[in-house]
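Look at the two complexes coming up: chain A is in both, with chain B in one and chain C in the other.
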Partner chain A sequence: MRITDEFRKSMNWLHTWTGIALSSILFAMFWMGTLTVFHLEINKWMMPETRIAVDTTMPMDPVVMPQLEAGTFEEGEQVFFARPSERMPLIRYARFGGSERQSHFLHPETGEIVERTNSHGASDFFYPFHFSLHISWMGLGYWIVGLASVAMLVLAVSGIFIHRKIFQDFFSFRPKKQARRSTLDLHNMTAIIALPFHILFPLSGILIFALVYFPDSASVPFGGDRAALNETRSGFTTYEAAGEPGPMPQSIDQYIDRAEAIWTERDGRTAHADYLRVANVGDANSVVTIQQSFGPKKVARGTDMISFRPGTGEVVKDFEIGKIRHASAYLEGAHFLRFDSWAVRWLFFLGGLAGCAMIATGLLFWMRARIKKGMEPTSVRVVRALSAGSVTGIIAASGAFMVANRLLTNESTLGGLDRAALEVAAFYVVWLGTFIHAGIRDKAAWREQMWLIAVIAGAAPILNWITTGGFIVGALQPGQVAVAMTDVVLIAASAAAVMGARRMAKTEALERAKPVRAPRAAAAGLAPAE
Partner chain B sequence: MSTMTLPQPVERSLRLALGTIGGYAFANGFIGSTGALLSRLGLAPGEASSIALLVGIFVFAGIVVWAAATTRLLITSAVVVGYALLANLTAPYIAPV
Partner chain C sequence: MIVSLGTLLIAGLLGVGSTTFLALSQDRHWKALAPKGTKPRPVLRRIGWSLAAATLVVCVLRDGGSFAALIWPMVMAAASFTVAMGLAYYPAPLKYLAGKLAPAAAAASTKQAA
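Moving on to the complex of A and B:
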C-alpha cells in the first residue's frame, strides 16, 4: 500500500487533535499506572505495619482454621483469604455474601487482626485512579478511560504513519538544538522506544474491562446469558447453601497442596496458590476453592482454580480455559504484572515513565509550535495552564498524598474528614492549586511546579525517616527493601525535577533573548496540523 | 452532500463522531456477530467471545483511523453505520443458543 501525502496529513491532524484533547486523561492514566507498578511497595512505605518479612510457603491452617471454627456464618456467606507474599506480607481475610461485609488483615505469624494505618495507600488510590479516575457516577470513569485507551491505540498507529523516517527518529535526540526541536526529538524517541508498551497497556486494559464496554455483544455466543459468560471467563461458580449441616474442612493446607501439585504437573512449573475461598461454611454444600490467580511463574492470570468438597475431598470443579481465552488472559496478566520478575516490573515502570514523557513532550511541542504561529495568547494560556496542571500538577499532587500520609496520624481529623480522607484531600487540593497557579503564572508554571515536585519528593523520604526511623541504609533489611527503594526513587524524582526546572529556566532565558520571527514552512510530519 | 462543501471544523467533527460513536457501534456489532458466527461454526462460546473481543478492539481503532483518513466520508459513513445496524440487529439470531 502506498502512503499518500493526503493520508499522512489526515493522520497528522488525527494524531495532533486526539492527543491534545485527551492528553490530560492519558497522562493521568499513564502516571497513575506507572505508580501502580509498585503499588504494593508504596503501600509498605505508607503503612509501616506491613514492613515485615514473611515466609510465603508458611502453612495457612494456623491462621485460617481458627477463623473458620470460631466464626458464625450466615447462609450463603463466603470466606476469603489471600495468602501472604513478599510484596504483601499480611493475610487478607474477608467475609461477603452475608448481611455485613467484613475485611481485615491478619498477621501471618499470630493470626491476629492487624490495626492498619487508616490510609487508602497506593492500592486503593493510585491503582483505581488509573482505570476509573475515581469517577464512579454511572461507571463514567471506566468509559472515559476506555475511550482514552482506544485513542492511545489510534495515536500509536497514526504516529507511526506520520513519520517518514521512523528509524532515523529512533536514534535522533539533539538536546543542544533549539527547545522545539529537542522536545519533538524526545517525543519521537520515547514514543518509538516504548512503542510495545504504548500498545500493550491500552489493549490489555480494554481487555480487562471488556465486559464493561461490550457486555451484550460479548454474551451473544451464550444466548445473551451474562452470568454464563462471567462464569466461563472467571471460573467462579455460585454454590447455593443446602440448608443442612455438613462437615467442616479439617485442613486447608491439604487442598492447597493438592491444587498446587495438579497445576505444577499440568504446566510443568512450580505453582503457588494465592487465594482461598470457602463457600457455605459448615453446610452440606460447602465448597473449598483454591486459586492461582497470579502465579509467580505464570504471566496469564485467572487460569487456575480447583474446588473441593470438605470431608470427602472430592474435586467439585477443575476450571480450565481454552487456548484463545488463554491468549487474552496472558495479555491481561501482563498488564497486572503480578508474576515474579523484578526486571520486568522495572521495565514496565520505565515504559510507563516513557509514556508520561511522550505525552508531556507532545504537549510542550504543540504549545511551542502554536506560540510561534501566533495563536491567540488566551488560548495558549488556557492550554498551558491545563497541561501544567495535568502533567507537573498531578505529579506534585501524588507526592503531596504521600507526604500527607507521613504528616498525619490515625487520630487526625479536620472538618469531619479522617486521616484517609485528608490524604486524598491533600492530593486534590494540591492538584487544583497547580491548575490555578498555572493560570496565574503562565510560562513560569511548568518550571515552578517542577521545583514544587523537587521539594515534595525530597521531603517525603525525610518525613519517612523521622516518623518511622526507616531510611535507605537502615531500611535495607528483610521486608523493608521496598521502603528503601521507594525512598531512592523519591530522591531520584526530586533530582530529576531540579534538572528539569533548571533546563526550563535556561530555555525560557534563551526564548526571551531571541527576537520574534515568522515561522518557516514546516516540513510534513514535523509540525502539528492546524 | 459532498464533504468538500463542509467547513473544515465541521468535517473533522463529523469524522471524529463517526470514528468514536460509529466505531463503537461497529465494534459492538462485530464482536456480537463474529462471536455468534464462530460459535455457530462449532467454537466454544467462551473462545468465540474471547477472539471476537480481541479482534473487535483493533476493529474499533481501525474505524477511527478510517473515518479520519477516508476521502469519501459519505460512503464510509454508510458502510460503518449500515454494518453496525445490521450486525447488532442480526447477531442474536446467528448465535446457536
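Moving on to the complex of A and C:
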C-alpha cells in the first residue's frame, strides 16, 4: 500500500479526535494501571498489619485444619484459602455458597483473624478503577474501558502512519526549542520507544474481559451453557453435596505437595500453588482442589487445578488450560503481572509512566496548537480545566487517597462515612476540586496543581513515618521493603512535580515576554505531526 | 537478588551501549556531536544492532524466552530514553565518544588543525 498525503491526513484526523475524545479516560486507565503494578506494595503502605515477613512455603495445615475442623458448614458451602506471598503475607480465608459470604485475613503464624485497616487500599480502589472506572451501573465501566482500549490500539496504529520520521526522530528530544516542539518530541518519543507496551496492555486487557464483551458468542459451542463454557475454559467445577457424612481431609499440605510435584514435572519449572478450595467439608462428595492460577516462574496465567478426594486421596480431576488458550493466557498473564519478577514489574511501571506522559503531552500539544490557531477564550478555559483535572488532578487525588489513609483511624467517621469511604471521598473531593481550580486559575492551573502534587507526595512519607514509625532506612527489613520503596517513589514523585512546576513557570514567563503571534491560517482541527 | 540485579544491570548497560551507537549512526545526532565535516561510519549501526542482540541474549539467559520477550523491549525502551535525555541535557560523554569514533582521516585532519 502506498501512503499518500491524503491517507496520512485522514489518519491524522482520526488520531487527533480519537485521542482528544478519550484522553481523559485513557489517562485515568494508564495512571491507575500504573499504580496497580504495585497495588500489593501500596497495600502494605496503607495497611501496616500486612508489613510482615512470611515464608511462602510454610505449611498450611496449622492454619487450614483448625478452620475446617471448628467450622460448621452449610450444605453446598465452599471454603477458599489464598496462600501467603511475599507481596501479600496474610492468608485469605473465605466461605461462600452458603447463606452468608465470609471473608477474613488470617495471620500466617498464629492463624488468627487479623484486624484489618478499614481501607479499600490500592487493591480495591486503584486496581478496579483502571478496568471499571468504578462505574458499576449495568457494567458500563467495563464497556467504556473496552472502547478506550480499542481506541488505544487505533491511536497506536494511526500514530505510526502520521509520524513521518520514526527512525530519524527516535532519540530526538529538543527541550530548548519552543514548548510546542518539545512537547511533540516527548509525545512521539514516549509513544515510539514503549510501543510494544502501549499495544500489549490494551490488547491483553481486552482479552481478559473478552467474555464480558462477548458473553454469548463464546458459549455458542456449548449450546449457550455458560457454566459448561467456564468449566472447559477455566476448569471450575461445582461439586454437589451427597448429603451423607464423609471423611475430613487429614492434611492439606500433602495435596499441595502432590499437585506441585505434578506441575513441576510437567512444566519443567518450579510450581507454587496459590489457591486452595475445599468443597462440601465433611460430606461424602467432598473435594479438595489445589490451584495454581499464577505460577511464580511463568508468564502465562495458568489456572492449573488438581482436585483430590479426601480419605482415598484419588485424583478426581486434573485440569490445565487448552493449547490454543495458551497464547491469550500468555498475554493476559503479562498484564496481570502476578509472577515472581520484580524486574518486569519495575519496567512495566516505567512503561505505564511513559504511557501517562504520552497521553498528557499529546493533550498539551493539541491544546497549544488549537490555542495558537485561535480558540474562543471560554472554550480555552473549559479545555484547560478538563485537561488539567484529568492529568495533574487525578495524580493529586490519588495522593490524597493515600494521605487520607494515614490521617484517619479505623474509628474515624464523618457524616455517616466510615474510614474506607472517607478515603475514597478524599480522592473524589480533591479530584473534583482540581477541575474547579483549573477552571478558575486557567493558565496557571497545571503549574499550581504540580505544586499540589509535590506537597501531597512529599507529605505522604512523613505521615507514614509519624503513624507507623517506618521510614526508608528503618523500613529496609524483611517484609517492609515494599513500604520503603513506596516512600522513595513518593519522594521522587514530589521532586519530579517540583521540577515540572518550575519548568512550566519558565515556559509561562517566556510566553509572556514574547509578543503573541498571529494565528496561523492552517486548516482548523488538524494538529500536524511535524 | 545480587545475581538478578547484576544481570539486569548488564542488560541495561548493553542496551544503553546499543542505543548510543544507534543514535550516533544517525546523521542528525552525529552532526551535533562529531567533528565537523565527518560522516557516521556504517559500522556504528552494525555495532548498535549487535549490542541490541547481545542485550536480548542476556535477557534470555537471565529469565528464559517468555520473560525475555517482556523484559528486552522494555530494557531497550529505558535505554533509548536514557540516551535521548543524554543527547538533550548532557551530551559531553557522547561528544567524546563521537570524537573517538570519527573516521580516521577526518580525525587526523582535525588533530592537525588543532
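Note that the second predicted complex is superposed on the first by the 517 of 530 C-alpha atoms of A that agree within 3 Å, B and C clash if a C-alpha of one lies under 4 Å from a C-alpha of the other, contacts with A are read in each partner's own complex, and residues count from 1 in each chain.
Just so it is clear, a residue touches a chain if its C-beta (ideal position, glycine included) is under 8 Å from a C-beta of that chain, and two chains touch if they have at least 3 such contacts.
Since the model is a prediction, treat every value here as computed from it, not as a measurement.
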| item | value |
| --- | --- |
| First (chain B), second (chain C), both or neither touched by A:214 | first |
| Partner chain in contact with A:343 - chain B first, chain C second, else both or neither | second |
| Which superposed partner A:428 touches (first chain B, second chain C, both, neither) | neither |
| First, second, both or neither for A:325, with chain B first and chain C second | first |
| Partner chain in contact with A:6 - chain B first, chain C second, else both or neither | first |
| Most chain A residues touched (candidates chain B, chain C) | B |
| Set of chain A residues, in rising order, touched by both chain B and chain C | none |
| Interface residues, chain A side, partner chain C - complex | 167-168, 170-175, 189-190, 193-194, 196-197, 298-300, 330, 334, 339, 341-344, 347-348, 350-351, 354 |
| Residue numbers on chain C that touch chain A, as the complex places them | 4, 8, 19, 22-23, 26-29, 63, 66-67, 69-71, 73-78, 80-81, 83-85, 87-89 |
| In the complex with chain B, residue positions of chain A that touch it | 6-7, 10-11, 13-14, 17, 147, 150-151, 153-154, 157-158, 203, 206-207, 210, 214, 216-225, 228-229, 232-233, 321-325, 327-328 |
| Chain B residues touching chain A - in the complex, by the definition given at the top | 12, 16, 19-20, 23, 27-29, 31-33, 35-36, 38-39, 44-54, 56-58, 60-61, 64-65, 68-69, 71, 88, 91-92, 94-97 |
